[in-house]
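Shared between the two complexes below is subunit A, which pairs with subunit B and subunit C, respectively.
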Partner chain A sequence: MTMQLKPGTRLYSAVCETELMTIRAPADPIAVTIGGVDPVLDAGERPGAGEVVEGHGGGSAMGKRYVDDAGTLELLCTKAGEGAPAVDGVLLGTKDAKALPASD
Partner chain B sequence: MRPADWQPLGPVWARAGATVESGSLWARSGGQWLTDPAVGVPVGVVRSLVELVEFLDLHGAGLADISSASGVGVVAERAACLGLPPAGAVTAGGAGRLLRCRDGWVAVSITRESDIDVIPAWLDVPPTGPDPWPVVERALATRAVAEVRDRAALLGLACGALGERSDDRSPVLGDRRGEAGPRPVAGLVVVNLASLWAGPLAADVLARSGARVITVESTTRPDGARATPEFFEALHGRCESVALPLGTEEGRRRLARLLERADVVIEGSRPRALEQMGIDAVELVERGPRLWVSITAHGRAGDSGMRVGFGDDAAVAGGLVGWVDGEPRFLADAIADPLAGLTAAASVVQLAASGGRWMVDVALARVAAAASAGFAPPEGEAAPPSRRRDPGAPLPLGRDTEAVLADLGIP
Partner chain C sequence: MHLASLLDMVESGFSDRALLEGPDGPVTGADLGRLASGGATTLSPTGGLVYVGENHPLLPVAVFAAARAGVPFIPVNYRLDDAQLIELIDRYPDADVLTDEASAPRVGAHRDVRVLDDWLAALPSSAPIGEAPDDDTAVAVVLFTSGTTSAPKSALLRHRHLMAYLLNTVTFGGASPDEAALVAVPPYHVAGMANMFSNLFAGRRLVYLRRFDPDEWLRTVRDERITNAMVVPTMLVRIVDALAGRTADVPTLRSLSYGGARISERAVRDAVRLFPGVDFVNAYGLTETASTIAVLGPDDHRRAIESDDPDAIRRLGSAGRILPAVEVEIRDDVGTPVPPGVPGLIYVRGEQVAGEYATGSVLDADGWFSTRDRGWLDEGDYLFIEGRADDTIIRGGENIAPAEIEEALCSHPGVKEACVVGVPDDEWGQRIEAAVVLEPGASVAPEELVDHVRGRLRRSKTPDSVVIRDALPYTPTGKLLRRQVLQELSDDGGTPSTKRED
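So, the complex of A and B:
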C-alpha cells in the first residue's frame, strides 16, 4: 500500500513498538513499511497481532534518522522497536549523528 | 539490579538567613548588564551563586580570586569571552527566544541547521529557509503550550514551557548505589564527557581544587565550544584532552575502560545516547567510578530524560525569568548553565567527602527553579561582563590521548 507522507506525519508499526515521525517526505505517495508490514497512522489503530517479516528485523533505534538513497525521505525514530523501516521493500539507512552545537 | 531510588540531596552549601549584598554583587558581576534593566536583581540567583562560590572556595577552587564580584562574575564569563549583547526576549547568545503561544509562553533554542530542518514536522508549516523565527512565531501564536513542547521533545528540539518545572526545586537528586569511603577532591580522577558550559565548568572547578581532569571528546564530534577558543580555553586550561573515535568499536571499548578507571564521571548526554554506545552508567558506578554526575536539561528519569535543552530554555522551564510589563525576559546569559555547573561541582565535593557510590542527577531546569526567589530594585552602575583573571590555556584535541591511556594501563 502506498501512502502520502508530509513533515509531521507519524507512523506506528503494526507489528512492533516502533514509532516514526516524518521529517522530510517526497512529493508522491510511497510504499513504506515497518518490520515489513504497512504501518498505521494512529496509535489507536494498531492491530495488536502480527509479526515482523523476515529480513525486516534488526530494529529501529530511538533518535536515529532513517533516510532513502535519494535523500527525499527522512523518518525520525521516536520510539524504538524490533522492526526496521523500509520503502518498496528496501531497508532504509541511518543518517550520521548531528554535529554538536557551538553554543546556545 | 535494583531500580533507581532518587532522593533530593540537601545542598550543604545553602546558608539560610545569611545576608547577601545581592544588589551590588549583581551590578558588579556583569549579570545586570546582560539583563533587561527593568527586570531588577534576581536575588535567588545571586544568593545561590554566593553560596556555591563560598562552599567551593572553602575546598580550594579559588573562584573569588579569578572572577569579578567575589566570584559571582562566573555568571557572565561566557558573554565576556564571546562579546555577547544583553538578553531580552532573545537570548544573549542569540539562538533562543521567548515566544507567546495561545495559552502561555515557551522558550525555544534553535542552535543548528538540522533544527531548522525539523520545523515543518514540528509546526506543520512549509520549509522556512535560514531564518525560521517569523514562521515559528506566527505558528506558535495559535498553538497550545503543551502540544508545542511535547512535539518539540519528540523531535529533539530544545523547547521549555515557562514555569513547567517551577515547583521542582530540588537541584540535585542522588541514587546511592553502594559503599565507598570518604575522599578529598584533591587527587580524584575526573573524566568529563560534557561539552559547552555547565559540565566543563564543573570539571574546571574540580581541577582548581586539585582533581585530575581528563576531558574526553569524539574525534568526529568534538565540543562545539571549540569554535569559541577564548571561552573553551578558560574552562579547559587545566585538563588533559583525550579524543576517541566513538563511532567505532575500538573507540567505545577504550572509552568504557577509561570510565572504569575514573573516580568521577561528568556527562551531559541524554541517557539513551550513552546506552546506545553500550555504556551502562548504573552498572559502572557499582564497580568503577564512585560518582556519576549527569547534567541534563530536565533530569535523567523517564520522558524528561529524552528532552534536549540549553541554559536559557531550561531556565525558563524552571520559571527563572524576569518580567517587564507582563512579558518574560531571559536573565543574563544561559543562566542555568553556570548555576548547574557550580552545583554539580559542589555535589561532587559534598559526596566525595561523605562517601558512598552515587548516581547524581543535576537538571538545569530544577537548578533554575531552586534559584527563583523574586527581584529587588537594582543598585549601582552595571559593570560589563569581564573575563577571568586566569585566561586558561589552549587544549589541542586529543593532545594527551596516548599518554593518558598508557598511564591508566588501557591498551
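So, the complex of A and C:
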C-alpha cells in the first residue's frame, strides 16, 4: 500500500515497537513498510498481532535517520523496535549526523 | 517541521523518561505531551502566548501549548520598566498573557493575565485530540532584541528555523537517562529557548534556575546532579568569583558552555582551572540566527590551555568554527568577500538563519544575513568576533575594534573588566577612551594601563585615557551597555585629548 507522507507524519509499526517521524518526504505517495509490513498512522490502530517479515528484521535504533538513495525521504526513529524500515521492499540506509559538542 | 512534531517526538521517544520536575513530581515525555495538549485548548487560536516572568520548572508546558495551539510563544523581559513592558506586550493585542506571581500585578493593571502556576494547576486533564498544526512557515517564537543600540525589535523565529537548528546539530535521544541540564538563562533570551528545545530533543532532563545566582547555581549543579549547563559570560565570571579560587565541587558536571557576549580569555582560563575535567564550549549566535552558529569545542579549549602552539592559544579568543549547516562570509564595506585574516562584516546563511523582524526580512536576495558583527576567519576557519559594527572606533581614518584593546587591558593582572569606546574628538574624529574595573584589592594607575596596552598593540590602538570605575553597566543577560559608558565618558568632557606622537 502506498501512502502520502509529509514532514511531521508519524508512522507506527504494525508488528513491533518501532515509531518513526517523517523529517523529509517525496512529493508522491510511497510504499513504506516497517518490519516488512505496512505501518499505521495512529497508535490506536495497531493490530496487536503479526510478525516481522523475514529479511526485514534488522531492527530500528532510536535517533537514527533512515534515508532512501534519492535523498528525498528521511525518517527519524523515535522509538526502537525489531523491524527495519523499507521502501518498495528495499531496506533504507542510515545517515549519520555529525556529532557536535553540546552548546546549549 | 513544526514544533508540534518535536513534542510528538518527545512523547514517543521519552514517554517514560523524567524530563521536568513539577510541583507534583517528575514530568515524563508523555506527561509533557498531555499537559501541553491540555494547555493548547485554553489558548486563543490567534494572537500568541505572551509570557512575562522568571524561569519556571514547567515553562516548556507553556511553550509547547502555544506550539500545539499554532500560535507564537512571546517571552518578554520581566525586568523592563512598566512603560517598556506594556509597549512590547501591546504589540500583540490579541495574545493570551501568562506571568509569574511577581509580575502579575504590574501586567495585570493593564491587560488580562493568568498566573502560570494557576494556569498549570487548572489544565484540562484530557484534551480533545484535534488536528496538530503543521505549517512550519508559521512564527514559532518572537524574541525582542536587547535594544542596547536602538528600540527593541521583534525578531521572528519560524518553526522551520528552530527545527533546522535541532535537526542539524543535536542527536535525537543522544542523552542517557541520567543526564540533566541546568537552564540559567532567562526565557526571553534566545539561549533560554534553544537550551530548552535542544535538551528535550536530546532527551536530557531540564532543571530551571528561576533567576541566576552564582551560589545557587553551584548548589543546584551539585544537588540535582547536573551534567550539562549553559551560561552567559557575566554568569561565568560571577561563578568564578563565588568560588574564590576553590575548585568547584560539581562531580557530575561534564559540559559547560558559555556564549551570548564577549568574555576575556583570562576569565575563560580561570574558569577552566576551577572546573577540572569539565568540557568547555564557547557558542556564538544571535537571536536572528535561532541560536548557535559557531562553536569552539572542548578539544579547542584543551589545546589552547595545555599546548604551546601559538595558533591553538590564539583560538581561545575565537568563536570557533561555523556549524556545518551554516555558511559564513566576511565582506568589506562595499560587500566584497575578503580573504582569511582580513576583518570585515560577518554574513551568514543557512536553514536556521531567520533574519527577520516584525517589520520584514533583512536577508539579501541570496539569503545572506548581515550579523552587524565585525570579525575575521583564520586559515583554519576559526571565526574571531571583533564586536558590533556600530561599536567600531574610527580614529584618524583607521578602523579599530574595541575588543582587541579590551582584551589587552584585561591581560593586565589587576584588571577585571574593560570597556573601550570612541569619544568624539575634533582632531581625530574619535579618540579611544577606556573605562576599567580593577580586581578586588588591586591598585593600578591609569598610566600603567596605557603603557601596558602600548606594550602589546601599536600606538594608534593605545587608549588616549583610562578611567577606573567601580562597575560597568550590563544588561541582565551580560551585554555591555557601551552607549552608556560612551555617554558618561563624553559627559566627563573635561578629559583633554592627550596629544600623542603617532
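Here is the rule we use: the second predicted complex is superposed on the first by the 99 of 104 C-alpha atoms of A that agree within 3 Å, B and C clash if a C-alpha of one lies under 4 Å from a C-alpha of the other, contacts with A are read in each partner's own complex, and residues count from 1 in each chain.
What we mean here is this: a contact is a pair of C-beta atoms (placed from the backbone, for glycine too) under 8 Å apart; a residue touches a chain by one contact, two chains touch by 3 or more.
Not measured: the values here are computed from a predicted model.
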item	value
Partner chain in contact with A:62 - subunit B first, subunit C second, else both or neither	both
Touched partner set for A:23, first subunit B, second subunit C, both or neither	both
Subunit B versus subunit C as contact partner of A:76, first or second or both or neither	both
Which of subunit B and subunit C A:49 touches, first, second, both or neither	neither
Partner chain(s) touched by A:1 [first = subunit B, second = subunit C, both, neither]	neither
Footprint overlap on subunit A, where subunit B in one structure and subunit C in the other make contact	7-8, 21, 23, 62-63, 76, 78, 97-104
Residue ranges of subunit C in contact with subunit A within the complex	1-2, 4-5, 8-9, 12-13, 132, 134, 136, 167-174, 191, 194-195, 198-199, 202, 228, 230, 255, 257, 259, 279, 281, 283, 291-292, 295, 297-298, 323-324
Contacting residues of subunit A [partner subunit B, same complex]	7-8, 21-24, 61-63, 74, 76, 78, 97-104
Residue ranges of subunit B in contact with subunit A within the complex	78, 82, 91, 93, 95-96, 109, 111-112, 114, 117-118, 120-122, 124, 154-156, 158, 195-196, 221-225, 227-228, 270, 272-273, 276, 306, 310-313, 334, 337
Residue numbers on subunit A that touch subunit C, as the complex places them	6-8, 10, 19, 21, 23, 62-63, 76, 78-79, 97-104
